[in-house]
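The structure under discussion is supplied below as structure tokens; questions concerning it will follow.
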Amino acid sequence: MKRKDRPVAGRALPGNESILRQLWRDPMGRAGMIGVGLVILMALLAPWIARFDVAKMNSKAKLAAPGAEFWFGTDHFGRDVFSRIVYGARVSLEVGIVAVGIAAGFGYLLGMIAGFFEGRTETLIMMVMDVIFAFPSILLALFIVSALGTSILNTMIAIGIVNIPVFTRTVRASVKTVKSTDYIANARSIGLKKMKILFRHVTPNVLAPFTVQATLALSGAILTEASMSFLGLGIQPPNPSWGSMLSDARKYMERAPWLVLFPALFIILTILSFNILGDSLRDVLDPKLKL
Amino acid sequence: MTERKSEFLLEVRKLQVYFPIRKGLMKRVVGHVHAVEDVSFSVRPREVFALVGESGCGKSTTGSAVLRLIEPTGGQVFFRGDELGRLSEEEMRLKRRDMQFIFQNPYASLNPRMNVWKLLSEPLRIHFQLSPGELRERVGEMLRLIGMTEDQLERYPHQFSGGQKQRISIARALITHPSFVVADEPVSALDVSIQAQILNLMMELQQEMELSMVFISHDLNVVRHISGSVGVMYLGSLMETGDTEEVYRHPVHPYTRALLSAVPSHDPLHRSRHIVLEGDVPNPADPPGGCPFHTRCSLCSGRCREERPELREIAPGHCAACHHVE
Amino acid sequence: MDHLLEIRNLKITTLRGKDKVYLLDSVDLSIRKKCSFGVVGESGCGKSITASAILGLLPYPLRVAEGSIRFDSRDGEKELLKLSRKEMRQVRGEEISMIFQEPMTSLDPIFTVEMQMFEALSFHHPGMGKGEMREIALEMLHRVNIPRPEQTLASYAHQLSGGQLQRIMIAIALINNPRLLLADEPTTALDVTIQAQILHLMNDLKEQRDTSIIMITHDLGVIAETCEEVAVFYAGQIVEQAQVVELFTHTAHPYTKGLLRAVTSLGGAQRKLYTIPGIVPPGGQWSRGCRFAERCEQCMEKCREEMPALREIAPGHFCRCFLQDREVEA
Amino acid sequence: MKKLFAVLLAMMMLLALTPLSLAEENVLRYGVDADAAGGFDPHTISAVASMRMIGQMYNTLVDVDENLNVIPELAVSWEQPDDTTYIFHLAKGVKFHSGRTMTAQDVKYSFERILDPATGALGNSSSYAGDIDTVEALDDETVKITLKNINAPFLANLSSSYCSIVDRDVVEKNGGSLLLADGGTGPYTLGEWVPDNSITVKAFPDYFDEAGKATFDAIEFYVLTDASARLAALRTGAVDLIVADTAMLDLVENDDSIQTISYQSRNYTGLFLNVNRAPFDNPLVRQAINLALNREEIIDFAFNGKALVSGFVPASLGHWAVDVTENEYYTQNLEKARQLMAEAGYANGFETEIIVGLLDSIRDTGLVVEQQLGEIGIKVNVQDVERGQYLDAWNGHNFDIMVCQNGAGSDPSRAVAFFFKTGSSANIQDYSNARVDELCELAVATTDTAKREEYYKEAINIILNDCIVAIVASPQEYFLASTALQGFAPSASNANNFSGVTLTR
Amino acid sequence: MRDYIIRRLLTLIPILIGVSIAIFVVMQLIPGDVVSGILGIEETPELRAMWEAKLGLDKPLIQQYFSWIGRAVTGDFGESFRTGAPVFPEIMNRFAISAELAILACIIAWIIALPLGILSSLKRNSFIDRIVRVVALLGVSVPNFASATLLILFFSKAFHYYTPVKYVGLFENFGTNMEIMILPAFILGSVMAGSVMRMTRSSMLEVLRQDYIKAVRAKGSPERVTIFRHAFRNSSIPIVTLIGMQIGALMGGTVVIEQIFSIPGLGQFTLTGISQRDFPVVQGCVLFIAFLYVMVNLLVDILYTFIDPRISYS
């Protein structure tokens, strides 16, 4: 009751600047933003950046080393690795975004319901989530793709489903925290309806941990797609995803190291950027970690 | 005031709030935390009734239960003669226009993602059908009352100091022109110099808007200043009630006396002779039998351990729950 | 050294983004031996970080930018800010102890009280046997009026009440007989009746021991009850400093006056409370003149332009206000 | 923390000091690309990976040599009193791994087991032993087999492992299943199977044929699914022999310690068109597709050049094969192809789906085909599917175009009738041509090889000219081995022929 | 505590039933079945009918499910459709291997992540902190099949070294077994290290802000004691939770690494089961993995009570 709030006067007033500005100020956040920005830019501008048709084979340039014509070399079909990397950014990002979108959408809904309504609904939802969670994610994804058939959409759906429980849990936990705060009690005390409280007051406050989770899940999705490609259930050729490029390149690792090097480099760059961005975002969004 | 069945705006009778304690394999309820035990009091129109006591005494729970923010376990609350416990959830929701709650911690009770305009217009949108112009007018009027300006409407709570936030908090509660407000420790999170500002504001508004108020506080000085009558709570029960000045000048319950004497004086030359109570407040999950205070009371007798004293009137309007008070 | 502790020109900064922001600005304090010294002020005025700075426990990204803290330790005078980490550790808990606002969170939740009391001993007396430590611990618990010391030793923090925990914290702080005890709002988180118990205990202990106390609080009542000398902090500076009685009877600085009026008027008859208008300016947003100028009823032109110095206006009574200068001059 | 680290460091150092355990025993360590699937029952296991072990564990009555001549194995000789009766004279002193001597009764039992529907044996079809009417043990060493009808390739078909001779006692002791048991007479007996890691077969000292006797104490098959891991294992001497991926061949070209071994397989890879679906019901479209393909380019990309342009009866089938290079649809002619498309009413092309799977070469073929068909306006969506789905499409005849790699077997009855005769289970296209059916029947009903060749060649040409398939290539299979390995001469008939193979370390 | 464990175990029942139904349904939905895998190219309608009868696939679906679950309740997970070998003993064999791999991976992850996490929390926002954070993330950033293949190639080229190809159990030959496991465990560990490091860092940061850390320092505690005895132990709960989740995920989640290093683990068994449509194998594996997951979580929850006296289940 009587607890004095910790000194606050010395604390920076966070909302004075946008989250993006705050991220930018943190060197890690900036690095993450630049990395993610580059990848997104590459994906968006793919048709303009790419130098060749990604599926165009060239028997005269099989496994050509990086050079003036083929910046990143060519693969065993003589296809330009650079162009495939550029378009691969599209595919990989698309997989990541759609999969995370699916996971986030369902996770959000289920988490909100579970967190807000408690009781049996919650028990049931969380039980289902536990069931999904209990599967190793890669096996579950394989299972789903096996059932639905291999296609890029199904890959995304599979990765999406695998990630639903993480989001549900995150959202539910935040809903529960937010729900116990005074401002939700306040909203009730002024006579706001339950559903409105849910959406107007809980949602914006749940978004922060949710966004962090999404950036992290996005990099996870890109990796899962790569693993699925390795196990033969990735996205359909000749569409290049970085994961499938990397997987296909293993045979040529020694003959044509650039086939491994470049996709790996871009995957690393992307995953690192998303992770670092997620970390910094967490720091920015979580006032507890601030002084 | 439409109909007037009693002289009181609010009557609380034998209010009980128990929180279940669950244990064991099937999560059976094995006991209850007796947060509020048989609390009765009444508030007249335009009166400020204060609930005072130490942390965990159940004063805040009482406040929340009165407004059904926590569902009471037992007892009745009458507001303008209506028994609130009988209202449906929807009816209660509509009733909130007239009964509001001010929270202790303005840092936590304002949604950090809503700006002042949204915070203040929200209650109006819920309870009234107003045109945008009327809405703006009502919000503007409220802003003036709390001493803020319209150019601050676009700002978010974290851009304000604690005192300003509490002003906004108060405005949010009062903007629907309720006739009754529960204020739960509205100044305890604030610095001394700011406390006075907020208290002044609350008193002004109370006068101006003809508010009735249940004012919950642990700060005896604040309570003395703001309230007309007071109830002293200990371990979920009312120990003493009455006119504030009367209770402060002539405390009869041993707990009230100890409480009042514990307040540090502000005069270094007259360091007060405290009645220092021994020990701690008992666990509300396992309250002592008899008088709840008997474990720390210097007057404790056999009867106190056995029998729970009722709140009895010992002087006109002055009640105490003690076997030793005549 | 005349004093137990002498703080000179202490400045503390924090980082806001990349900017350095001052939270404490040129504070001088001298604490006599066997004295209980009060530091009073509102949140953010710099009183707590001063205590942290004395023990070298400023949290990141706060740091001492300038100044000196000299301490008359058992083995001679020490400049605390220049001590190595190891030397500083020897001062902490042994010569200067500290108790905190939140007794509930000040004990490590996963260790028993016994272990944490033993720790305080063993850090400074590595060779001490368990039996001896136990004896001392029990004695200390007894001294702070813990009802069942044996049982308490085996308890964890969550099994004890706030009052008991604060007693234990005091016991731990005093276990090595320190020369100085820093009490940072030791009763703020406690209920009035428990606060009374703790203040009572501290007064008792002070009389029994040679320990000086720096009592940091926002509550003038607590100061009035426990201290001999007091410094009033406002916006990272000392605005007034005097013997307690002198301060309460001949209050000089408008801020101190306002503060006192605000609290005393509570009990008074008048309906309208006295208030200090405005808000405490947050660190880094101080004007170049008197920092209280914005809120001062007697503010003059000069106040906004120029920073008044802390001057001795009566023997042992210091005040940072141009009004006082005038009176002294006059 | 420190302690843990120290312990771990010590552990690592210990590991570094343990000398590489050089195989001192006479063991062949063979890195294979897939684990045995399901086990080792010769009658019910179709997986190629399992055949590697089954081939060492079991014998058949007869074998087929490289030139497709039937040669003795368990049967030292045979005679054919009439077109449907075969009398086999068994080798003497053939021992089962249980130590029991094999008799004619066992041969009789083996065929009865194959023919018993409850076994679910794969050899219970006219491609193998399905046409058997009765099996009689004339004495301990003579078996008489009577067929229901004339079946010309019957003898050659008996060389399939689906017709292995098994030990009745072992079958019965194992509840009717040989999946995890060894009831064979082969040069090696089943040792330990650590699924997903290794399979060991051990020398069987009492093998009946001195020439074919085990030359190793054991052969250890290591499941190394990753091609580069297999090569690494070979290079470091962890294994002596590996199944090679053509992509790796030039990496070891200059490596003196590694030899390359290969043989021309009897498999072929190609496109199967669903002739009952538009637009593939249109012969013009089918012709256009055949003409659009540049088979040399496909071989270059998908097989790293290590394959021969081929029809569905590959050159390795010797005199049965048709020289496809003379076929008019085997030479790429884009202009003609476009013209045919236009004629068929698809001047602007069409969109279709091509199912690939199982093997990299199948997938890569599909990818190159996608490019090549694009030239004549056909937009191909490549569907790279998982094994189960691939088989589902195969069995359900549910595809537009499917790229398959099939085995042509040791007799064209397999290569032609099994895949293209009306109603045959492997006729996934539901192709039906009365003349082909008739020719197939004629070819089975006569034992005159010349006649049969004539019938089959006619059928082959009909099918090729119908363009219902666009067969591309017959791949070459590669092994890489340490130069210490000597005498390993795999062939299409017996890719895992370890008789006489030695290691000289 | 006993009651709590029983209650937790009871929640296993609906989870396992849910999982088994889900598996059953999905196995029906998946195109292709075990019979086409067995027969391959030789499939004929007669052979198919024969095999369906042999495997009991000709019975109504509900009956198939109940006959399976009826046996499963008695602890009999049935026999593999393909090899006919009982599933349960094989699962146990595989589990032992996967568990060993998982535990080794965790140990390696801790060795990498805990010191880095602590270091980075102590040096928060410094250059060291940033470097550490990036380094710790490197493991997560590369698909593990790529790093595995690369490592194999590297060791073979640089040291003429290949991990022993023949799997040897831990108790058959400790040294060889470790030699087989260490590389795959290292790769898995380096993947896990990223998140463990992240969790350690944020958890440590949280704890380091606590009053009791300041109080411990104020007692004159050496940094070593402050950091390890107080801060680290207090921040270990979320770390333990994470590790529990990771061990759970590693059971069967290591297919890729198992495949590349030819380790006969649970993941490969499940994967083979899925690709062969071997229902009893898939069902058995997945149920077992789900069971393990719940048990590991329970174990973690029980572990909490040892770390933190405030937590008790009663």
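Order of writing sets the labels: A, B, C, D and E. Residues in every chain begin at 1.
One rule holds in what follows: contacts are C-beta pairs under 8 Å (C-beta built on N, C-alpha and C of every residue); 3 or more make two chains touch, one makes a residue touch a chain.
Predicted model only: the values in this text are computed from it and were never measured.
S.K.: Count the touching C-beta pairs: is A-E or D-E ahead?
M.R.: D-E is joined by more C-beta pairs in contact.
S.K.: Please flag the chain sitting at the greatest distance from subunit B, going by CA centroids.
M.R.: D
S.K.: Could you work out how far the Cα centre of subunit A sits from that of subunit B, in whole Å?
M.R.: Computed value for the inter-centroid distance: 47 Å.
S.K.: Which integer distance in Å separates the CA centroid of subunit B from that of subunit E?
M.R.: Measuring from centre to centre gives 53 Å for this pair.
S.K.: So the centre of each chain is just the mean of its C-alpha atoms; given that, what is the distance between subunit B and subunit D in Å?
M.R.: Taking the mean C-alpha position of each chain, the two centres sit 87 Å apart.
S.K.: Any idea how many Å lie between the Cα centroids of subunit A and subunit D?
M.R.: 44
S.K.: Can you pull out the residues of subunit C that are in contact with at least two other chains?
M.R.: Within subunit C, residues 43, 59-61, 101-102, 191, 218, 280 contact more than one other chain.
S.K.: Give the residues of subunit E touching no fewer than two other chains, as numbers and ranges.
M.R.: Touching at least two other chains: 30-31, 149, 153, 259, 275.
S.K.: Can you list every residue of subunit D that touches 2 or more other chains, as numbers and ranges?
M.R.: Correct list: 226, 228, 386, 388-389.
S.K.: Could you pull out which subunit D residues touch subunit A in their complex?
M.R.: For this pair, the touching residues of subunit D are 226-228, 245, 247-248, 250-251, 297, 300-301, 304, 360, 363-364, 366-368, 370-371, 381-386, 388-389.
S.K.: Within their complex, state which residues of subunit A touch subunit B.
M.R.: Spelled out, the residues of subunit A in touch with subunit B are 1-5, 8-9, 13-16, 181-183, 185-193, 201, 204-205.
S.K.: Within the complex, which stretch of subunit E touches subunit A?
M.R.: Of all residues in subunit E, those touching subunit A are 11, 14-15, 18-19, 22, 26, 29-31, 130, 133-134, 137-138, 140-146, 149-150, 153, 194, 198, 202, 205-206, 248-253, 255-256, 259, 267, 270-271, 274-275, 286, 289-290, 293-294.
S.K.: Sort out for me which residues of subunit C touch subunit B in the complex.
M.R.: So the residues of subunit C in touch with subunit B come to 42-43, 147, 161, 163-164, 191-197, 199-200, 218-225, 227, 244-245, 248-249, 258-260, 262-267, 271-277, 279-280.
S.K.: For the complex, which residues does subunit E have touching subunit C?
M.R.: Touching subunit C: residues 124-125, 209-212, 214-223, 225, 230, 233-234, 307-310 of subunit E.
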